[in-house]
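Take this structure first; my questions come after.
Here the chain labels run A, B, C and D in written order, and each chain numbers its own residues starting at 1.
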Amino acid sequence: MAAINAANEGSLPSYGGDGYTAGLQARLAELFETAVSVYPVATGTAANALAIAQISPPYGGVYCYEGAHVVTDECGAPGFFAGGVSLLGLPAADGKIAAAQLAAAIEHANSMGVHHVKPAALTLTQATEWGTVYSCAEVQALAAVAKAHGLPVHMDGARFANALESLGCSPAEATWKSGIDVLSLGATKNGALCAEAVVFFNPGLAADFERRRKQSGHLWSKLRFLSAQLLAYLEPHVWLANAAQANATAAAMAAGLKALPGARLLQSVDANEIFVALPETVVQGLERQGFGFYRWPAPGVGAAVSIRLVTSYLTTHADVDDFVLAATQIASRS
Amino acid sequence: MAAINAANEGSLPSYGGDGYTAGLQARLAELFETAVSVYPVATGTAANALAIAQISPPYGGVYCYEGAHVVTDECGAPGFFAGGVSLLGLPAADGKIAAAQLAAAIEHANSMGVHHVKPAALTLTQATEWGTVYSCAEVQALAAVAKAHGLPVHMDGARFANALESLGCSPAEATWKSGIDVLSLGATKNGALCAEAVVFFNPGLAADFERRRKQSGHLWSKLRFLSAQLLAYLEPHVWLANAAQANATAAAMAAGLKALPGARLLQSVDANEIFVALPETVVQGLERQGFGFYRWPAPGVGAAVSIRLVTSYLTTHADVDDFVLAATQIASRS
Amino acid sequence: MAAINAANEGSLPSYGGDGYTAGLQARLAELFETAVSVYPVATGTAANALAIAQISPPYGGVYCYEGAHVVTDECGAPGFFAGGVSLLGLPAADGKIAAAQLAAAIEHANSMGVHHVKPAALTLTQATEWGTVYSCAEVQALAAVAKAHGLPVHMDGARFANALESLGCSPAEATWKSGIDVLSLGATKNGALCAEAVVFFNPGLAADFERRRKQSGHLWSKLRFLSAQLLAYLEPHVWLANAAQANATAAAMAAGLKALPGARLLQSVDANEIFVALPETVVQGLERQGFGFYRWPAPGVGAAVSIRLVTSYLTTHADVDDFVLAATQIASRS
Amino acid sequence: MAAINAANEGSLPSYGGDGYTAGLQARLAELFETAVSVYPVATGTAANALAIAQISPPYGGVYCYEGAHVVTDECGAPGFFAGGVSLLGLPAADGKIAAAQLAAAIEHANSMGVHHVKPAALTLTQATEWGTVYSCAEVQALAAVAKAHGLPVHMDGARFANALESLGCSPAEATWKSGIDVLSLGATKNGALCAEAVVFFNPGLAADFERRRKQSGHLWSKLRFLSAQLLAYLEPHVWLANAAQANATAAAMAAGLKALPGARLLQSVDANEIFVALPETVVQGLERQGFGFYRWPAPGVGAAVSIRLVTSYLTTHADVDDFVLAATQIASRS
């Protein structure tokens, strides 16, 4: 917020010809230890769909997890931006697709010839939709398969900071050193007002991206307000600290809930999301007390109810304790 | 062929203002016992994709069987024609989705709100990709769910004649009387040179379809050559006789193969396609003798090999006997 | 800015389920004296292109001034959003197309049948690209022609406040009472950080617009930051006062420049833009002194140079005096 | 027709894996004296729009004559196929744009930056919409400008045979030796049933074109029926003889009409179209006698009426004599 206020002082060149946007480019190059092309946009949907349109033709297919955010939560944005591109979803119990799956799918497509969409790109969500995190080795194995067939690799990093914090590696290792060509770097879910950035590590892939952003209405005339947010966000005491806080409280929440009678964690809690099955009475009790979370259908939970809990940079350990205590009390009463 | 030759005589108005096209409209109205709007095109991909674009907006989702021809074999045509529309594939072991599945999927979509594509249409393949045929009751149940949610229903009738022959009902009962709003009526697979037709039973749905066809390059200046083919094709002794021949030889083939040691029919043979699992040695032997068919991966066949056989109006019972005899001899030798 | 800061306090429902967005809807209904459907977005390109996609099919043509912003400055956004829609530009020396032109163009299109795109919509820029303003009578005449042929009417109101201030009529009279169905209400050029709104006066036209916005990546998760800006902007002492200031300084600038030897105003200065032809030496002198403006090619200026000057809510009469004085001094020296 | 009948014999591989399609490729390579990639399709709209989509991105602009067939007669097909591409029409009294015009337009676009669509391609119609023919030198000059800015060049050759016959040069000189990268080779207007071909002289430009054709529904399963038509058409005694007949009768028609009192040829008659202004009474008289032609509005004809006459391979000199005689008699009576 303070960053936006500062950017509001005085009058500056429009459409990105300002110091903030140049500064962001430099900051990200330093952070990722390589030259990058950076394009701030206001929403994660725009970042993902623009990136996918950049790397796949209309007759292309983009491999992804079948429950990926781009498939289920963006109202068909990739298809719209990329002129009818197909998302080719692969199953994965924990949200992480495997290199062998990808290889088999590409081989099948190639055997079908012109009737099948052309294998065109791979997109991975990091952290995943199930709160898990791909290891660098897993990303490398997937990217190796993709590259062997000429497919560029995109990472949907709506929760990239949480994943990075979880991996404990450098931003470079988590991305281009593991084979990522273009990253949707999310900030909105981790504290920004409205700011995401499409970051190209492979400069050849960014050709004309500026016009693609403009044609889709995502070039701000006062772009400095986006860039300033991202610059402020990328200070270590902001983005990494925020993510660390969210991950730590998620881990505490998972530990607390796991101990409840009848509770079962459905996924490894690698970042800031917890998927847990609880007895119906416990879920109802928590809902009645006004706690906010989604019921999240998952296979194999039987009579229990599966829910999704998301922690954020604003979540405190006291919040976690309150929630676990409430759940414990409800469970003991029922 | 003779029909095209006849249409080649003399000089006639272009772009459909000819007697053949008007005649086709009248012939189909008679055949389907209702007023129809008919648009001939040259390929099944065009027919399906134009029909889907007509009934779904770019932000829509079209429910279908996950292995439907529109999903797997048209190189993303529906997404291209409909500006990014999503095909929402539902699983079905025999290629036939069930009304309850559809209802659950629509309810899930509605619960997701604006993030999910809008439930927009239903498309059914008849006969299906697995050689099975929806009964009229099954179509009615699916259409009832669709209509309860305001979704129009399309039928991909690339093998419509085979399905009709199998059902033994009238064209009207197989379509609009069971809730179908628009039909891709295929002729190419059943004898025509290159002719399909998009048939609207619901005139309101056909608004501006003429321009949609033109904009996609599918309006022929010499449209009479398409219409004349379809008119000739729709003579009972052509389309129904062709389909009857194909279905009968398929049934004979199924009966013959079922008796082989180690053989197992994978699907009910309702039309002119047979999916059968055979021992690897038998399949190899048939391939070595030059019989043409595809190996067709299917689940649960173990060490056997699943193949797809398709009969046509040109297939004779002697052809079937030859194939079955060859298979029997190979099996007995191994 | 203060409005955004206030909206930053506390935690609120996302995707528009907040009080700010509801308040904006109510505020605009009051302002326009009718029920409206309002959709905030971040850029004018998005507002225009989404509105056009909503009212024209891919095979449609949208009539506009041939030099309209949507034609020349949005990198093809309408064609992209509307799946290939054609913009049908009509000539106009002052940026204002005439009702008779529109009528002739639609009649020509209709005479061409299916080969021509379908006349689908009309879009007017208010104030225009040449700093002129359509009178309400002019808008009414154009809208009457459009409606007689079933075409909805869009207004690109990037400079709507300036036009309104110039017209001296009510917002209702300037829009729906004159036949406008949907308005791109601009705020960014008149003081907001990044905020435009698509305003539907015809509720039937807004169906599913929410999903169209989402699919194109223009639905903000923290939508309150847009709505809050617009709410603050629409206070009379902000938007109208800002526009009045810009228009008044433009008028003063025009009066001052007109008096210069060799100067000629190229267009009526109705809002906050001045197109003026000046001697080359004067233009060069002003450039050398660091004044910021564009050389703007215009027909019929001979040896003179035409430039575009834009005043804003930040422009003061002192600024104008400085500019005119500088121009006068340069002119007198040369 | 005979060619299609021949292609109907026996059973052949589908989707182009047949001898006819390979033969066509070889025949065109020989004819054009270079390696080519050839893709038969059924309509000129498909050929043009697919070619344009192949050489321009959605955010691109394609330069053309403002009255080009792709602009006025294809219902927005290029925009649809190329995801919103803009056609940038340049004025030209005789349908032929000039190299200097093109250079100025590209320079203007480049000065506008990201707000303007990207100069992406050039498309020329040969023969033009006004019956004129670009000389090879004119094509070369235009292509040189295009190439200097990195733009590939497409030729809409719906009347290519007529142009070739008029130029008296080789097919190679008329196309790639003059800078054409991709040609829509028309046959339907010059005798074929329904057959056009997209011919790439620059193999690098044809990458993935096969899938683009498939995704748009323009890949025929029985492709041999298109290829066979084209093979038969491209025999010198067919395509060139047909064009020669049409051109010769057009020249005779022009000579005959020019001599009428009050008649004025509006354009040079280079191929098989005549644009002529005649007295209203003469036009009415001809219409009353049942001659088929279009009234074709043209500037500067005063009280006269401009019409378009098109000759074809079926037009005889007797037909021409009849028409001219009738016009002469009507003129002498009035």
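Just so it is clear, contacts are C-beta pairs under 8 Å (C-beta built on N, C-alpha and C of every residue); 3 or more make two chains touch, one makes a residue touch a chain.
Just so it is clear, the model here is predicted, and its values are computed rather than measured.
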Winner on C-beta contact pairs when C-D is weighed against A-D: C-D
Chain separated most widely from chain A, comparing mean CA positions: D
Chain B-chain D separation of Cα centroids, rounded to whole Å: 36
Geometric centre distance via CA averages, chain D-chain A, whole Å: 50
Mean-CA-position distance for chain D and chain C (Å): 40
Residues of chain A whose C-beta touches two or more other chains: 58-59, 74-77, 80-81, 83-84, 114-115, 117-118, 211, 214-215, 219
Chain D to chain A touching residues, read off their complex: 15, 57-59, 83-84, 114-115, 117-118, 208, 210-212, 214-215, 219
Chain C-facing residues of chain D, complex: 58-61, 72-86, 112, 114-118
Residue ranges of chain B in contact with chain D within the complex: 1, 4-5, 8, 11, 41-47, 49-50, 74-77, 80-81, 188, 193-194, 211, 214-222, 225, 314
